[in-house]
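Some structures are shown below for you to check.
Two complexes follow with chain A in common, the first pairing it with chain B and the second with chain C.
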Partner chain A sequence: MDYYVLSQIVNGLIFGLIYALIALGLTVVFSIMRVVNFSHGEFYMLGGYTLYALTAGGAALFSLPFVVPTIVALPLAMAVVAMFGVAVERGLLRPVYTVRMDRPEEYAIILTFGLSLFLQYGALTTVGPYEMTPGSFWEGSKHILGDLWLAGDRLFAAGTSALLIAATLFFIYGTWTGRALMATAQNRVGATVVGVDPVRMNVIAMALAGLLAGAAGSLLAPVFLVYPDVGQIPVIKAFVIIVLGGMGSIPGAVVAALILGVVESLASVYISVAYRDVFAFLVLIGVLLFRPHGLFGQKERRA
Partner chain B sequence: MLSAHNIVAGYVDEIDILQDVSVDAEREQITSVIGPNGSGKSTLVRVICGFLHPKSGTVTWDGTDLTGRSSHDMAGLGICYLPQERTVFPHLTVEQNIRLGAWTFRNDKARIGRELERVYELFPLMRERRRSKAGDLSGGMQKILEIARGMMIRPEILICDEPTVGLAPIIAKEVYDTIERLKADGLTILLVDQNVREAIRVGDHVYVLEVGQNKVSGTKSEFETNLHDMIKDWLQI
Partner chain C sequence: MATGLPIRSASLGAGSPCIRPRANHGTGGSLTEHQPVFEVADGSVAFGGNQALDSVSFAMEKGQLVGLIGPNGSGKTTLLNATSGIYPLDSGSIRFEGRPIEKAPPHEIARAGVARTFQIARIFPRMTALENMLTPGFTARDGATEDRVTLIRRAKEHLDFVDIADFAHEQAADLSGGQRMLLQFARALMLKPRLMLLDEPFGGIHPLLVERILGRIRDLRRQGIDFIVVSHDLPAIMGLATRIVVLANGRLIADGTPDAVREDAGVIEAYLGG
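Showing the complex of A and B:
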């Protein structure tokens, strides 16, 4: 195998890890709240802009006398987007659930769609369509082996993503709060009966989604820069991933993200790089045709 | 004593499903609430368990006011609610389901171990199936699992809403036997049921609701003799 193909596979895995971060938040929110969050891509965008504002933008736009080191700005950006997620739950989604109405999820979905447009055009009118360059996490190219070199920022993004995925899996499977989240996803009334506050679980799900999308947006910001619709393509891929992995399946989302990353990279090499973003849709159509419950999805057993 | 007094409640402003209903459940007894479809039985337990806030009336447990408390506070107050629909976590194992019953004292590892052992002694079948996925159990076993999970908190009250609806008669009998066994262990039980015969058989005290109002109430013996006439009366034949 030549180093070009190897580098494509490694790059595919790197993207897969980032995709997994985005897809995890989306799937957790969907499992707990039954809401497909169409503004998830804008959570990602906000992560990138926050990182930019803290590292380079603050100094450039407001002539602040200091810049925050990128590595410090990352957790701050994650926290900002997590708080934004909580605010969206509290301000926009919760009222939909507390007022008695038919099919609240559908109203909530339209709300998140509106929020997505609002945030994109909000960014367009306030900061403009320009691509912004935040500070770098790890400058330069790193030598891996032989002819394989990788950008430091990509390596940093991959390593941090892997850590965050591991932490998320531990949180969900290894802590009481995580088990309560799973329980709420599987039977909301059952969770309430044992004493879990389902509204608190909504808040935790949105905070987690914001945290992970904010991380993904920040980690890729030095690689792909930041602009108003930067979150569009990644979030569409995240949707493909949760269908491929099985709606609501956490391990499914991680595995499917890695598969999609590698498929995209290899298809770009062997077929055409111009169609890079199309392969995700081909995967989606294939899954829907041949395995509609996804790789790890559980077929509902209805009573 | 668990008391619901003068409850008026409904899901929309104009329609009151419950129009002034009062029920008292004595300690360590089974109180059955029966009535035809649409009489408001399920609405009554939803009000008692905090899933629906009443427009007026009070709910108290031994003098503690429960009116308007949140549904997720009930486990912490020692109240175990068994809703009509299935509430097991289908993709978790039986043991994971039961352990989640310990949510209100989740940081007390020693206590969780003790209670789990006690629950397994009460329900030996659950120990046998502890590694099965809850969703793979039969409907009756899922109901028993729900009761087992609820027993983790050592509740003082068990509130059952039609626990045997949709179950085969032989399995339904097992559920009623379980309820009677729990009463013998000192639990206060409020049983809402459409299975009139069983509800009267296990009940110490029986209430009959009709279109959101108390119709009659009395001890089990009063009902056993009049059952035939009463049913005729409900069906208006």
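Showing the complex of A and C:
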């Protein structure tokens, strides 16, 4: 095979893995809380900015005498965004859910939309519209085979994403807490009457979403840099992915993310790179027309 | 067979704001003769302008099986929802084994020993029957009461107890309505409840399964579990209950033995004249 095409496929899979990180958090929050979190892209942005602040930014802006190694900054950035997710649940979403009202999800969705705008414009006014370059995870290009070379940062992002996806799947399918999360997603009242605390599940879902979005934002920061609306396009793709995979399906999100990554890459080669971000929407329209419940989704069938 | 008299103590610790542990709780034997196992006092719930539950009071002693009956919309399910914490009371109090539970959230009430089933079985459709059974294990872990092996063994025993052990590895979504009902019933037993609230356990299921559920309820009563059963199936509930409480328009209109209630003019009026 042509090394150019091969490199595009590999790049597509790399992006697919990152997309999966973003989509997993979104789909977990949707499953547990029935909230489409429109501020998820800003969780991603916060991950990038946190990585920047810890690595290059601190030294550049505040003349700090040290920089945190990028590899150490990554888990810190993830933790920061996870804590932010918990704070959003505690401060913005929980008040909505603890008042007895019809369809709290709808209020919560509007709240996340407002939060998204607030964070984007907040970033614009505090740090400005500039693209910022955090430290690199793995500098330079790496030789894979033949004429196939890949940027070290992309390889690092792919490997770390794969590990995080595996860890997330283990958490959800292999632990008691994961089982309680699944139960809550499948029947919230049914879960509470067997002793699962739904508020605690909300917190865990938002923390997990923050952790994964923070990781994705940090991992791609050295590749695509950081700016206030950096999360916009990735989160829209994550929406496409969870529709393609089937709303609420965890394996669906992973598979759909990989499919979308490869489709984008190949379509960029064979059609036009200028339309790279458009292909996701063509996929979305196609799914909605021909398979509206997605690849792994259940047709509405609730017990 | 299911495990014997349910004894559960570890999870009622200090983490629970509303359900306070007592000095010697958990075995039923610690209750004095006169202390009710369950008591609702002046319980009221309104939905908008509709008074779904209107100052309902009754107390239930250990060893009773209360049949809760009444016409549609009389407040039976509302009373179960208030007891299990799903829709809390607007006013009034509910006590379980002497402890107030009217402000506790559903998961704490469940952990305290009050299990609940629903008219439409609230199972987890995309898990197997066995996985459904293990979900309460999450909470058992909080109390550090059981390890995984014990939980799985107990889950299988309970599935066997309601005769659906053959379906342990079926997806719950593929079970029939009656099997889902039995699964929900068996899953509630995983909590080691001392009081079970059953909402229409005989609704829309095969007569043979009704017999099976009736038999299992009698078995569990002998193990010391108390029941409040909401049902429209008057022959079944009259044959099962030691006591019948009748609600109509949110009010308690009769309370007595099945025979006494059968003769009660107000009840006949509520059912036929309402």
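Definition applied: the second predicted complex is superposed on the first by the 301 of 303 C-alpha atoms of A that agree within 3 Å, B and C clash if a C-alpha of one lies under 4 Å from a C-alpha of the other, contacts with A are read in each partner's own complex, and residues count from 1 in each chain.
Keep in mind that, in the parts below, a residue touches a chain if its C-beta (ideal position, glycine included) is under 8 Å from a C-beta of that chain, and two chains touch if they have at least 3 such contacts.
Keep in mind the model is a prediction, meaning the values are calculated, not measured.
Under the clash rule set out above, the superposition-derived model of chain A with chain B and chain C contains a clash between the two partners. Once the two complexes are laid over each other on the shared chain, residue contacts for A:Ala183 go to chain B and to chain C alike.
In the superposition on chain A, contact of A:Leu119 is made with neither chain B nor chain C.
In the superposition on chain A, A:Gly195 contacts both chain B and chain C. Overlaid on A, the two complexes show chain B and chain C touching the same residues of chain A, namely 100, 176, 179-180, 182-183, 186-187, 189-198, 298, 301, 303.
Contact residues of chain C toward chain A in the complex are 84-87, 105-107, 110-111, 115-116, 118, 120-127, 131, 134-139, 141-142, 172-173, 180, 184, 187-188, 190-191.
In the complex of the two chains, the chain B residues touching chain A come out as 11-12, 51, 70-76, 80-83, 85-92, 96, 100-101, 103-104, 106, 135, 139, 146, 149-150, 152-153, 166.
Residues 100, 176-177, 179-180, 182-183, 186-187, 189-199, 298, 301-303 of chain A are the ones that touch chain C when the two sit in their complex.
Listing the residues of chain A that touch chain B in their complex gives 100, 176, 179-180, 182-183, 186-187, 189-198, 298, 301, 303.
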